[in-house]
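What follows is a set of structures for review.
Same chain, two partners: chain A is paired with chain B first, then with chain C.
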Partner chain A sequence: MLELRPILSALWRHKISALLIAVQLGLTLAIVGNATVVIQERIERIARPTGVAVTDIVTAQFMPIAKNYDRLEAFRLDLDMIRQLPGVAAATVSRAPLTGGGSGTGLYTAPNQEIGATGGAQFWGDEHLIDALGMKLVAGRAFTPNDITEASFSSGWRPNMAIVTQQLADKLFANGEALGQSIYFSGEDNPIEIVGIVERNLGPWPNSHNAGSTVFFPAVMDTQWFDYVVRAEPGQREAVAKLLEEKLAERDPQRVVAVNLLEDKLDRYYAGDNTMIQVLSGVVSMLTFIVALGIVGLTVFWITQRQKQIGVRRALGASRSAISRYFLLENLMIATTGIVLGTAAAQIFNRFLASEFEQPALPLSTTAICALILFGISLAAALVPALRAANISPAMATRSV
Partner chain B sequence: MLGYYISLALRSLRRTPVLSALMVAAIAVGVGAAMTTLTLNYMMSRNALEHKDDVLYALQLDNWDPHEADDNPSAMPWQVTYKDAISLLRSDIPTHQVAMHRWGGPISLDPSQNSGGEMRPFTAEARVTSRDFFALFDIPFLYGGSWQGDADTSPVQQIVLSESTNNKLFNGENSVGRTVNFSGTPFTVVGVIEHWQPSPKVHDLNNGSFNKSAEIFLPFGLHRSFEIYPWGNTNGWKPEDINSYEDQLGSEYVWIQYWVQLDSDEQRERYREYLTGFIREQKAQGRFPRPLKFGLSKPSEWLQLNEVVDGDDRMLNWLSLAFLLVCLVNAVALLLAKFLRKAAEAGVRRALGASRKAVFSQHLVESGCIGLAGGLIGILLTLAGLALVRQLQMGYLDTVASMDWLMMLSAIGLAILSSLLAGLYPAWRISRTNPSIYLKTQ
Partner chain C sequence: MLKMHNVRKSYRTDTIETHALRDFSLEVNEGEFVSVTGPSGSGKTTFLNIAGLLETPTGGQYLLDGQDVSDLNDRDRSRLRNEKIGFIFQGFNLIPDLDLFDNIDVPLRYRGFNAKERKKRIEKVLEQVGLSARARHLPAQLSGGQQQRVAIARALAGEPRFLLADEPTGNLDSLMARQVMELLEFINEWGTTIVMVTHDPDLARRAHRNIQIVDGQVADLRLQSALGEAVTA
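Up next is the complex of A and B:
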């Protein structure tokens, strides 16, 4: 049987303390709920498939010390050397994706258009591009050696073919028949035929709203903004990285060489999101801990205050479990109030975060799960003091405080 | 009286060590979380050019796509084209003016001076800039000065080093007049500046607001001889046939950052008129297809416009303040419990003649003590929090994730203020104790 009325009237005498606990639980629910959706969104964002073999790719670039340096010649010699190295599966000269640096363009499905471009990130590469990045070709073909041109940004070169990601293909051609169609740069009538479609590539900026719309052109670009993209055999990337550093410097010492693991670069790119995940998780756990401590503290205090009354109840025949149940029920009532308050507060807080900081909406299910967990923690925090209260001896009734 | 209250408070805290520790911990954790994010936001909101906020202006020209404005809060491109920068540099209205961009390349000692030969060339972050840079941004020279006057327009191979680069290359000696090798070309050192690391890097916000500032400075007249492409953003809006480096320089691509110093209202007025005239002139030649618009933003406005403190930082700020609020409510509840437990004592004190005010202040002092302890531990937690942020951000926030003495004092202030706030109601409650009840049960 539930002694709700006496509990309520006893609570009423401690209304401020009880309310403080409820408010605490409510605020905690509001914060935890909102932190959880943010954490969830960031985790999902980081876990998205990138479309490239992140964990196997090593990138390398060099800066020549001499002013007039034949980069294209160096590309040829370096790549010939790199492809011979043990542990190297494929290599190309392009630009490493997922690093926060790259270039973008606007594409059209008809010639001589200037308004309403479909934005995409652009890469250049030779016939090894798809293989070196570890991308999956889903339609059409890869570039062949005959397709590749050596070009530079100031050479006025225009591609005549391209490979696009499935996402960009769908955006450009809603009917799903992108293969074989032509695309155009802004204001130009030079047709660029789509010869292949790859499954996915998040491009240079995975957090941009346009990430995943990526286009590849068949060229070796004479630019300082290049990377050797080298895919190592699984498990070989550290060895390959070390070898690259050594051999590139050895082949031509007159340059500064930098070698990186693509995964490190991606981690760096996501550092901000990762910070949010870690900091928010820390806040959530500390907050829950603080609230639990508060509940323990207050329950202990109430029990000490009511030792005499507990003794009287025990002397009048109340069982041990009845005493424990009393305090647990009391806690349950406070927690319920807190959670009702908290659900409302969580929604209000979420509206604010969503409008101010473009954070995701807080679904009721997340609130409910967080509420359940807080409920459990609140009960668990009250459990130990409540069990201890049951040990108060009926003889207490006869003693004065 | 205060001394007595403090000793009473300490005695009372020692009597309930667990409850007291809980309260100190609650305040400390709340203050630690709040101060970590407040410190980050405070450091990110600093303005290194505050002392010149009234005279410096970042310049924007709206030479963008006639069909749509540039996609940023200012609705204008952040940078200007090379050819506009060259034209603007000819104006004699501003006291100082700077056209610049980020670049870099391999640097080493000149082979003749590199006697040991063990110094490997390294890649140095460079700033290619017109010569007023140092005067406009108030950067003091350790040795020497800026390069000669014609270096803005002709390829003068002179270089200014940062203090740390000078340390690396010349062990901190006065290197003016010596030669370094940059991109395979000899450059004469004309100056070494003192350590200069504004953070946020207000003069260059589109290459990572908290990145390190440049290691070397090169004259603006070098573009053609080195065919310099910037290490920064190049943005364009229309198709252009680029068949040579000359085409790149003459294009509508924006890649030059431009600042002016205008000291008086009269100067500002004249410069506005000059810009209006300049844009009209360009419009007559078929450029600047958008409505006539330019931007002159003070450093403080520039930091705002560029959203240096991003949404995540501000959101964390709100969250941590909410967190502190929960810790406060927690402290109120615990303080209330603790004070009520001592109600009998307070009753006796009241009966012996202590006024309500005296009882009230005694308990408030006790909360203050808890706040002080919480604040001190809170500082440690803040330092730990900032260290964690530095580590998680992989170096990106190293220049801002640190605490100055002002923030340490604020931490203690915040802790004491919050604990006094938390103590208000419990202390008031206990001061209303009716002495007779307790005298009876005793």
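Up next is the complex of A and C:
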């Protein structure tokens, strides 16, 4: 038997404190809801497949001490050496993806165009590129040794073929027939044939809006912005990293060598997102804790205040469970009010965040889940005091003054 | 109606054990109006609490309406309280946040009556205590005598067979006390058994029978004739 109306009218006489808790709950919901979408978005972003064997890849660079260093010669000798090392599955010289550094380009599907480019990130690499990155070829072919040119940025070299990611292929050729088609650089008429399509590669900047649109050209580029990309056999990356450090220094001591795990670099790239997740999770837990504390406090206060009334109700025939139920129902009403207020506030808050800070939209389902959880927390917070209220003796009606 | 045999009640605190009732034996018959007097701290309230199932005795036997109530669980005790017993307290004990109508409604809701039945009963008892016009007033808007009449109405609404009153006139001036007493007598005439604790010898004398509790036991004063001296002593 529910007694909603009398609870409501009794509550109405304490509307200020009831409303304060409801408003606190509502604000908590508004903040928690909006924090949750941000957390969710960041978590999903970090968890996206990269298209690359992140956990197996070791990267290495060197800085030559000598001027006029023959970098291309060093690449040849280093790679020959690296590919012989135990635990190495594949190696190339290119640039490590997912690390926040790289270069971008604009591509066209017709020659001599200057507006409406499709943006993408570009990499150069040899015939080992796909294998070394652990990418999956879904159409066409990989580069062959004959395709590879040794080039430099100043040489004016232009590729005649490319491998693209599926995403870039779909962007360039919406009809889905990218393989065998030609693409062009801005204002140029040199055709670049798409010879292969890989499933995915998030490129240098996973958080950029067109991350995943990536193109690979068949070249070993003479540039200081390079990485050896070395894919270790599963579980071998630490051993391979150690070996690389040793052997690269050993082969030519006249340079400074830096070896990294790709996963560490990716973690560093996502550090901001991870901090955001942690801070927001902290805020969410703290607010939830505070609102729970407020509810415990108010419930305890009201029960203490109404000890006599509880005794009277018991004397008039209320069972222990009827007393607990009373306070839980009361809490339910406050929580419902708070959640209705909070759902509205969450939407308003979200509109503001979305327009001012480009935050993701708050779907009703997320609000609903947060509301449900807060509802549960609110009930749980009231539960212990409510159960204890049932222990108040009916003799309270005659004993206390 | 009520039969207590060698009922004991002791309260244990860290330091001392108080024997509020010891070998307390008493019988109250159906339809009786019994007044209970005795010095402060003698165990009157303890007796009423046990009689009204607000507390459980430490030992002894208590039969309510022929039913041994010592081993009932909380649910059954609550139900018995709700159905058979009406309480009137010295401090009225109306729920301050509820208006008169809702106050009287409290035990009826625990009883599980439907809204129509409850409304009918509430209107009837409000009429009986002469406060129909005040149904939507809060207790604080009423005088003490009026509040006690509402409390009586609340106790009567469930039509209990047994009415327990702990100093119902204790907080009232003598005129209001007399009105309340008349109301109780009227209720008793209609068949409700009443046990009333009071400090007022005049009111005590108006009952069918007065028992005096001294030191947790019934002082053997059954004779109506001895009453006057007993109370004033």
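The rule is simple: the second predicted complex is superposed on the first by the 399 of 401 C-alpha atoms of A that agree within 3 Å, B and C clash if a C-alpha of one lies under 4 Å from a C-alpha of the other, contacts with A are read in each partner's own complex, and residues count from 1 in each chain.
Basically, a contact is a pair of C-beta atoms (placed from the backbone, for glycine too) under 8 Å apart; a residue touches a chain by one contact, two chains touch by 3 or more.
No experiment lies behind these values; they were computed from the predicted model shown.
In the three-chain model built by superposing on chain A, chain B and chain C fit together without any clash. Contacts of A:Gln84 after superposition on the shared chain: neither chain B nor chain C is touched.
Contacts of A:Ser285 after superposition: neither chain B nor chain C is touched.
In the superposed three-chain arrangement, the CA centre of chain A forms the vertex of an angle with the CA centres of chain B and chain C, and that angle is 100 degrees when rounded to a multiple of 10.
In the superposition on chain A, A:Arg320 makes contact with chain C only, not with chain B.
In the superposition on chain A, A:Arg255 makes contact with chain B only, while chain C stays out of contact range.
In the superposed pair of complexes, A:Thr144 makes contact with neither chain B nor chain C. Once the two complexes are overlaid on the shared chain, A:Phe357 sits against chain B while remaining clear of chain C. In the superposed three-chain model, the partner touching more residues of chain A is B, compared with the other of chain B and chain C. Nowhere in the superposition do the C-alpha atoms of chain B and chain C come closer than 11 Å. Counting contacts by the rule stated earlier, residues 401 of chain A appear in both its interface with chain B and its interface with chain C.
Against chain A, the residues of chain C that register as touching in their complex are 45, 48-49, 52-55, 74-75, 78-79, 81-83, 87, 89, 91, 93, 95-99, 102, 105-107, 109-112, 154, 158, 166.
Across the complex, chain A meets chain B through its residues 16-17, 20-21, 23-24, 27-28, 30-31, 34-35, 38, 63-67, 69, 114-115, 153-156, 185-188, 223-225, 255-256, 258, 267-268, 271-272, 274-276, 278-280, 282-283, 286-287, 290-291, 293-294, 297-298, 301-302, 304-305, 349, 352-353, 356-359, 400-401.
Of all residues in chain A, those touching chain C in their complex are 1, 3, 6, 9-10, 13-14, 308-309, 312-322, 393-395, 397-399, 401.
If you check the complex, the residues on chain B that touch chain A are 18-19, 22, 25-26, 29-30, 33, 67, 105-106, 108, 120-123, 181, 183-185, 226, 229, 238-239, 241-245, 247-248, 311-312, 314-316, 318-320, 322-323, 325-327, 329-330, 332-334, 336-338, 340-341, 388-389, 392-394, 396, 425, 429, 441.
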